[in-house]
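Per-chain numbering from 1; labels A, B, C and D assigned in written order.
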Amino acid sequence: MKKILNDPKDVVSEMVDGLVRAYPQYLTQLPDTTAMVRSDQASMVGKVGLVSGGGSGHEPSHAGFVGKGMLSAAVAGQVFTSPTPDQIYAAIKAVDQGKGVFLIIKNYSGDVMNFDMAKDMAELDDIDVKSVVVDDDIAVEDSLYTQGRRGVAGTVLMHKVLGAAADQGASLDELDRLAHAVLPQIKTIAVALSAATVPEVGKPGFELADDEIEYGVGIHSEPGYRREKIKPSKALVAELLGKLDESGHLDSQHQYAVLVNGMGATPLMEQYVFSHDLLDALAEKGIKPAFMKVGNYMTSIEMAGISLTLFDLTDAKWLDYLNYPVETIAW
Amino acid sequence: MKKILNDPKDVVSEMVDGLVRAYPQYLTQLPDTTAMVRSDQASMVGKVGLVSGGGSGHEPSHAGFVGKGMLSAAVAGQVFTSPTPDQIYAAIKAVDQGKGVFLIIKNYSGDVMNFDMAKDMAELDDIDVKSVVVDDDIAVEDSLYTQGRRGVAGTVLMHKVLGAAADQGASLDELDRLAHAVLPQIKTIAVALSAATVPEVGKPGFELADDEIEYGVGIHSEPGYRREKIKPSKALVAELLGKLDESGHLDSQHQYAVLVNGMGATPLMEQYVFSHDLLDALAEKGIKPAFMKVGNYMTSIEMAGISLTLFDLTDAKWLDYLNYPVETIAW
Amino acid sequence: MLTTTQTIAWLNNFADKIETNKAYLNDLDTPIGDGDHGSNMVRGLTAVKATLADKSNADLTTVFKATALALISKVGGAAGPLYGTAFLEMAKASKDGVTDLGILLATALAGLKKRGGAATGDKTLVDVWRPVLTAVHADRLTSTVIKTAVERTKPMVAKKGRASYLGDRSIGHLDPGAVSSGYLFTALLETVVQS
Amino acid sequence: MLTTTQTIAWLNNFADKIETNKAYLNDLDTPIGDGDHGSNMVRGLTAVKATLADKSNADLTTVFKATALALISKVGGAAGPLYGTAFLEMAKASKDGVTDLGILLATALAGLKKRGGAATGDKTLVDVWRPVLTAVHADRLTSTVIKTAVERTKPMVAKKGRASYLGDRSIGHLDPGAVSSGYLFTALLETVVQS
């Protein structure tokens, strides 16, 4: 493991410290926590608070999306480990303006349970709390009997849509309805070229040979659905787009938002080449994205790879939400 | 070499195509070139054009900084290879509004010569062209007899300052004076953990052992001034800041802008930890940055490492320029 | 009747076992999880040890509650709320006057199942808690009971937690949470049941 | 007197040598540059070959100019403007009626030095052009002259181009641009001087 770090145990506290001190105009750290709330207090007055978070290692998620028009607070857990309820609770309390607080949770046992406990704690203070559990990763088949799908890069689009609506004064119930309408329309699938190394673990979550890739990996090095020899970008696009098409027919009559997301170590050069092939493949299906973003938004430390998110804009207002101006570090 | 690409020969044309199609609101590609001009034509009217560029492989530089308030156009060369005069000339012609065009060049033989040839060509069309050659990398000692210092991440700050001034109506001569006043105040130094692989070359520019780092490398895998065992982030900060201090005394009475720049494969996690140590070290010298940014701005494909830029804000207006709002993909 | 002294000895012993096996638990969590179960648990148990240092004169409820809060606020991930809830439930029960180990553990298990939604056979720590509880009720907790329960998670297909993403490929691996619960009950055996 | 036919043969031969040695030139450019000199030159010479395909009836000026424009627009980097300027200067001179090889090369070298600012001994292609020019003027160009000139760049400290960032560490490496210019003049020898 070769990383720019001090003691691996301190990575999260040092990272949060560096982040909030570099960007005091956006973020304020709650004392004795790794919860970061929006510095622009005025922009939150009279509005529903939006809290997201999860394990660290996904930077710029989630603190990079805190700011006017997007999240009110983000809570950073240990690396690849959900934050604890006390920290989430502190964030909820800090952003509540009497209009309630909405939580954006990714579908992992840990995240769901910790956010649920925080919700229980906040409700004892008479703070209204609702939430959505994002589960956009179609690599894992959904089933009533299992944990279900994982929440991955599509979460960033959920932040954006809800952030715009909250900023425009949506109520807690309206946000809840919006979130659950948006939820099934966001789908993501990834391909990895190498795994991430958690600093405290010191070695990669899995090993891929010099010429191997794996489809369907999660953002914590969760294994995917197939391993094979590396292929040209065009073929990777075909595989990932094929999976998305299977999971919900792509329709040239629909409007789509597209997120091409770098997993950490993959340079923009490759992400743009992938986007070129993607746009060609979509064009063949008669689809031209109504909205597109390319870059590192939901990373997995220094994993190499790309995830592809398609968001079916079944409500025209959602496109406005995506284009709504924000003031954040990373959107 | 494991990369998401098709034929390495096509990487630049495919990358540029993916980029401009993903972001049509920002970028328009000039036909048969890899020059990208600002889509928002109206924002350029009556103003001096600002053209930057260089070899590809530094994404989001330079096209990521094209947009209202920043660059008018960016020209992408082959990977790590200056663009050719005809392409630069095409960009100059496309952005000229009768007020002249200012070129931001990084100090490499190739870039300087190709931009000079383009300038010659534009001057035959009676377009006024002036330029600045950015040479912020203090790893290389300056001397009358050599090429001098390289231009690296500090170039992004030069784009920002000149972009803000141009947007506010500065004349070509004013921009020229501003650029040359800013130039000596921007200083950068880097540390690498691994080298970049140029797709057409297929292997890294240099090899570092699993526990080795190199100080002072350039953005094209140019070798640095010392190789040694990896050290904690705190020690890396001490080394780099020490070099910057040597090259121009850091003064607690001055205002500084700071850019912590990821070289490509180094995750934000490490960049934030580095920032934490940096802010501590600066605080010990009585310095609190007036402006700071952390992220991948001037990369070297998938090189791992960080560069540190300090910009001595000897004129208070420069801070306003840095904070001036822009509409770009990557600032 | 469970006493404060016993409980503190139990938890300190548990903490030692977790510390000793940190790397092993991380390793177990690598093929079917995210490789952090050992690190997570160590973080929590270090805090538990610290908070218990001055609790030798406290009542059982205080001990359980302090343990729960330390776990909840330090472990994170899935294990934090699960172990935390278990001890929080025991704190609540002891506050209501319960001191019987069997009843305490039964309350804990109920809370744990509610929190995580896991049933028996889902390849989670529930698969250790369930048989251990039965043995405690029958006054027959032995290290064999614990080991067998832990081992039985190996052939199971995970239905909850990160391992569930693997489907059938989770077969053939011990569940890390089951192993850490194994240490919890081995510690119980060494400090409470056998004494 | 240099003819169109000779010049096209010269440049095609040069293109072949560059193609054959692409990897070698990249390798030379790796320790003291950025590893692309071979790729850059191949891109340019492929374009030169293509543009010369229909120039057999053109005049010398047209041949030089087409070569210059192909090099300028395709090579990029440092080599593009340098080689491009050299051929552009030869185009200008031939337009003024010059057909003498020695004078043409002298004009080219002057342009090349002006463009890049390199002096003799700076470890650039100038260090091959200079002695070759002297030999051409004395009617004594041999492969030994070329090889010696190329080899002499090895002990030099680079003062221009990327290799200059290395200072003393550039010692012991051939200059890639000197090597590619070596091919240019070997091709000249094979097609023009010896014929």
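Keep in mind that, in the parts below, a contact is a pair of C-beta atoms (placed from the backbone, for glycine too) under 8 Å apart; a residue touches a chain by one contact, two chains touch by 3 or more.
For reference, the UniProt names are A, B = Dihydroxyacetone kinase subunit DhaK; C, D = Dihydroxyacetone kinase subunit DhaL.
Just so we're clear, the structure is a prediction, and the values are computed from it rather than from any experiment.
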item: Interchain contact steps from subunit C to subunit D (minimum; 1 if touching); value: 3
item: For subunit B paired with subunit D, centre-to-centre distance based on mean C-alpha positions, whole Å; value: 31
item: Inter-centroid spacing, subunit B versus subunit A (mean Cα positions, whole Å); value: 29
item: Distance from subunit D to subunit A - Cα centre to Cα centre, in angstrom; value: 53
item: Of all residues in subunit C, the ones touching two or more other chains; value: none
item: Multi-partner residues of subunit B (at least 2 other chains); value: 79
item: Category of the chain touch graph - line, ring, star, complete, other; value: line
item: Chain-to-chain touches, reported pairwise for every pair that qualifies; value: A-B, A-C, B-D
item: Residues of subunit C defined as touching subunit A within the complex; value: 26, 30, 34-36, 39-40, 43, 72-82, 84-85, 115-116, 159-162, 164-167, 169
item: In the complex with subunit D, residue positions of subunit B that touch it; value: 55, 77-87, 108-110, 113-114, 116-117, 139-141, 145-147, 150, 198, 200-201, 205, 218, 220-223
item: Touching residues on subunit A, where the partner in the complex is subunit B; value: 2-7, 11, 14-19, 21-23, 56-57, 59-60, 64, 79, 191, 193-194, 210-211, 213, 230, 232-234, 236, 258, 260, 264-279, 289, 292-296, 299, 301-302, 304, 306, 330
